[in-house]
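Could you have a look at this structure, given as structure tokens, before my questions?
Chains here go by letter, A, B, C and D, matching the order in which they are written, and residues are numbered from 1 within each.
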Amino acid sequence: MYAEDYTPFELMAVAGARELKDGEIVAVGIGLPVVASFLAKRTHAPRLTILFELGIVDPEPIHTGVGLADPRVWYRAKVMSSFVDMLGMVLHRGLVDVGFLGGLETDAYGNLNTTLLGDPRGTFTHSVGSGGANDIASSAKRTVIIIRHQARKLKEAVSFVTSPGYLQGGSAREAAGLRGGPVRVITDKAIFGFDPHSKRLRLESIHPRITLEDVLANMGFQPLVPDQVPVTEPPTVEQIRLIREEIDPERIYAG
Amino acid sequence: MGKLATLAEAVASIPSGTHVALSGFAITRCNMAFAREVIRQGIRGLTVSQCVGAMDADLLVGAGAVERMIYGGGSLDRFGRLNNVNRAIESGTLIAEEYSSLSVAFRYLAGALGLPFIPTRSLRGSDILARLQQIAPENIGTVQDPFTGDEWLALRPLVPDVAVVQVQVADEEGNAWIFGPRWDNEEQVKASQRVIVITEQLVPTEIIRRDPERTVIPGFKVSHVVHLPFSAHPTSVYRVYDYDAEHIREYAAATRTVEEFRAYLEKYVFGVQDHWEYLELIGGMKRLTSLMADPILGY
Amino acid sequence: MGKLATLAEAVASIPSGTHVALSGFAITRCNMAFAREVIRQGIRGLTVSQCVGAMDADLLVGAGAVERMIYGGGSLDRFGRLNNVNRAIESGTLIAEEYSSLSVAFRYLAGALGLPFIPTRSLRGSDILARLQQIAPENIGTVQDPFTGDEWLALRPLVPDVAVVQVQVADEEGNAWIFGPRWDNEEQVKASQRVIVITEQLVPTEIIRRDPERTVIPGFKVSHVVHLPFSAHPTSVYRVYDYDAEHIREYAAATRTVEEFRAYLEKYVFGVQDHWEYLELIGGMKRLTSLMADPILGY
Amino acid sequence: MYAEDYTPFELMAVAGARELKDGEIVAVGIGLPVVASFLAKRTHAPRLTILFELGIVDPEPIHTGVGLADPRVWYRAKVMSSFVDMLGMVLHRGLVDVGFLGGLETDAYGNLNTTLLGDPRGTFTHSVGSGGANDIASSAKRTVIIIRHQARKLKEAVSFVTSPGYLQGGSAREAAGLRGGPVRVITDKAIFGFDPHSKRLRLESIHPRITLEDVLANMGFQPLVPDQVPVTEPPTVEQIRLIREEIDPERIYAG
């Protein structure tokens, strides 16, 4: 049974959860991807393995944390190890199925910028940089980007490629020696995929109560738009209950 | 002959211009008391490295002690960005050799293992790599895989002069345990020429021998052991104390401008003689006991 | 769906010709029950790898189950040499890809990290290298250090099909702890495509979560968990039981000739239906309790 | 005060101990080198660090073990880790000062064979192989060889170089890209060093009660012999007491 009452962030978390299959290994940062991953694990993907880059596997937090450095999100982990273990012996080894990524801005080819806005050789403001994001974008079998739907965040080209998507599109990513790549961009208005040949962003579904005009007017470029664009599947009542009552009761992540 | 030292003694062993690897990650196990003492002693021109930039590095950069930072990006988690680091990068006063977490971890690992270089898939095709090729071309190379003929990016080993590591438990030889995830700390230690251990708890070697699988820092790498409770404040030490959210918010606010940060330094760094005065200043026993970790939760 | 399996089921997952990494070191934490079941099931043509050749490999080689061994030399410590392995090398029935301990460890490490190759100083100038260049030239290369121009020996990553690891403690997902030194086991596990865990003690995941710094085998790599006490007999499992010196002497004597070893196999491998019959045969409860480790000494 | 009553093995252990300086890191296998290292640590080198390749630092055994795989020799270690930690992050990293090595045979240039006797391409008998010996010989700052004084063990050239010494002598070792090298060969009759230029074995001292003829008649080749060869310093009473009462009370190692 689908929910009537949910926030855009909750819908994004549910859409993220639906990208995860049972038995997969997912590398997550903090925020919505955590909600998405725990939601998947409590519903259709009980054998999902959740990794945090600093050396955490399958925690069961009971308090919400402020970030990966918060011991609240390490609680009841099955493994506590290291970057070399997580990012080296799982991710670089090729075992991470899905990586969730977010950022300051993404572009028509799924490149992500978390480093700086402005001109890197001139005036710019520096942000948080890569952390494990570049590593995940380079070595995960597929990545899912979760980002707000704003023209300043969805641009034809980002000002700095922290985490490569399909670079200039086409076969540019393979030419750079990278496998995988982004498969979805989830915003608060729509879900996008990538055209298999040009690797350009392509609209896949529009969230309930959002129009195509809303989607396009709030982007810095024109994505590919098929003739028929379905409506995004809404969250179920049970998914929203889990998010609100168990996964993010203080509503820190999912707004 | 002994390695037990005061914080001031340990810090005095670090000349200006040294490459220091720091154990902090965002707002946990940061070398905060160490950074405050470095600033008080007027040490400058440091190269600081860590996989994820943390509050210890931000404090040092804000005080003008750092010339170069080798890191993979960083923040104060939800409390904010590394404003001092970012401002120094934007104004060109800090050379930022910026990688990804794994790239720095691999550089430490290569240093630890005595490898001449380490190949990696990370960074390819990114502007991180393009920028590194300008800022630090001496640390970036390419190698051909002798088995497939493929070309790989190769990184130079990172061998810090000294790793400064905040731990929960150590003995007077420097054999030390880290509880919780260890992020880059083991590779930092094993890559570095020597190690300064700053420990919350000092135990007899007898205790170390009871659980030697936990010993991630071997005493033979350690030059100084500093026993200094609450030395990571306001950041957390898993199983010992939680982060001090109120103080980190104050810090994040203070780092918004150079002037405000100068006032922060005057108050919390130059305004106290040592760590004990600092602890009194931030609220003493009453504040600190409120941060003590629950023995089950670890925070 | 569950991973809990009998030894027979776990062994049946290994086709002839598989590359199996074994956790044994000389006469400790050897996969002895596993090796006996492999022989009973008639699996052959295995490639076996381990940093230091151990009793598990010697038993398998003696039974003709192994085609190739990738190892760094080995023995039964003071009880003798790996007579079966040595005889098979001397007679040409075993392809021995012989390295040093570190060279094999580095090959596992490269496999674990997803590196295309790993450079090393070991083996240079030795006849080990000269022989490898004849026997396994596909695993040996040279690379030029992009930073100095020096030429280095490069080894190919080792990625076993399955690592079989004898541990003290595991849960039903395969999350496992190893007490005592771990030699090559962590890198074996992380290099391998999948892992079979054979554990002395099966614990709830709840226990694993209480001390997660100890978890060197993560459950997500594990396909089968076999709970089988005394499965390393006659070799030791630190903190659980000591080696059975009397039986190892009997084994070492029996491996002196093909005929004597055939008799040993008839008695201890083919002469029993399973591990429980084997334990009765070697003396049952009385013998086994005499080997139980002292809780302080660990042996 | 020097001891009067000691065995050749005890003298070898004492000579080995004298090669170790306080504060150094020594990589040891089992047998006499263990006795030598523990003896040094209990006398002139209390800050010596003793490593076993499988992942053991500074154990304090109270029972004698049958080899590195025996938990008796791990007892009360300060670190229990791995090959990658010991042989990689200490030895290959360049931190091991001294490595002790033994073997089936050694030769005029300190090359060691622990692999096979006979013709490697024809008929041979295979022995134990390298273990960590080749690694130690390749990466330790210096190595000390302890071997019995028999013509079949001291040969002009070994049949298989498991652990390189100076290879063919001269600069052959450096040309192979190896640093360090053997500095001593300790037998039950004499102590040898290496000529700084030719790198050929050179007699340094002869043990008490042994003649030069005993030394040369039991070698498979002629070492360099200086005009004056001193007598090896004998063990002290205290050294022998420590070996017999505390380090090897069951006399398993030191015969």
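Basically, a contact is a pair of C-beta atoms (placed from the backbone, for glycine too) under 8 Å apart; a residue touches a chain by one contact, two chains touch by 3 or more.
Here the structure is a predicted model, which is why all the values come from computation and not from measurement.
Engineer: Distance between chain B and chain C based on Cα centroids, please, to the nearest Å.
Structural biologist: Centre-to-centre distance between chain B and chain C: 38 Å.
Engineer: Go ahead and note the Å separation of the Cα centroids belonging to chain A and chain D.
Structural biologist: The answer is 58 Å.
Engineer: By residue number and range, which residues of chain D touch two or more other chains?
Structural biologist: Only 77, 80-81, 84, 88, 92, 139 qualify.
Engineer: If you look at chain B, which of its residues touch at least two other chains?
Structural biologist: If we look for residues of chain B contacting two or more partner chains, we find 114-115, 121, 150, 152, 180, 182, 213.
Engineer: Counting only chain pairs that touch, give me the topology of the graph as line, ring, star, complete or other.
Structural biologist: Here the contact pattern is something else, fitting no line, ring, star or complete shape.
Engineer: What are all the touching pairs of chains?
Structural biologist: A-B, A-C, B-C, B-D, C-D
Engineer: What does chain D use to touch chain B in their complex?
Structural biologist: Residues 25, 49, 57, 60, 76-81, 84-85, 88-90, 92-95, 139.
Engineer: Going by the contact rule at the top, pick out the chain B residues touching chain C in the complex.
Structural biologist: Per the touch definition, chain B meets chain C at residues 114-119, 121, 138, 141-148, 150, 152, 154, 156, 178-180, 182, 213-214.
Engineer: In the complex formed with chain A, which residues of chain B make contact?
Structural biologist: These residues of chain B touch chain A: 25-28, 51-54, 71-75, 77-79, 81-82, 85-86, 89-90, 96, 98-103, 105-106, 109, 120-128, 131, 150-152, 180-187, 235-236, 238, 242-243, 245, 293, 297-299.
Engineer: Enumerate the contact residues on chain A facing chain B in the complex.
Structural biologist: 30, 52-56, 63, 65-72, 74-75, 77, 80-84, 87-88, 91-92, 114-115, 120, 123-135, 138-139, 160-164, 167, 172-173, 176-178
Engineer: Going by the contact rule at the top, pick out the chain B residues touching chain D in the complex.
Structural biologist: 111-115, 173, 175, 190, 205, 208-209, 212-213, 215, 218-220
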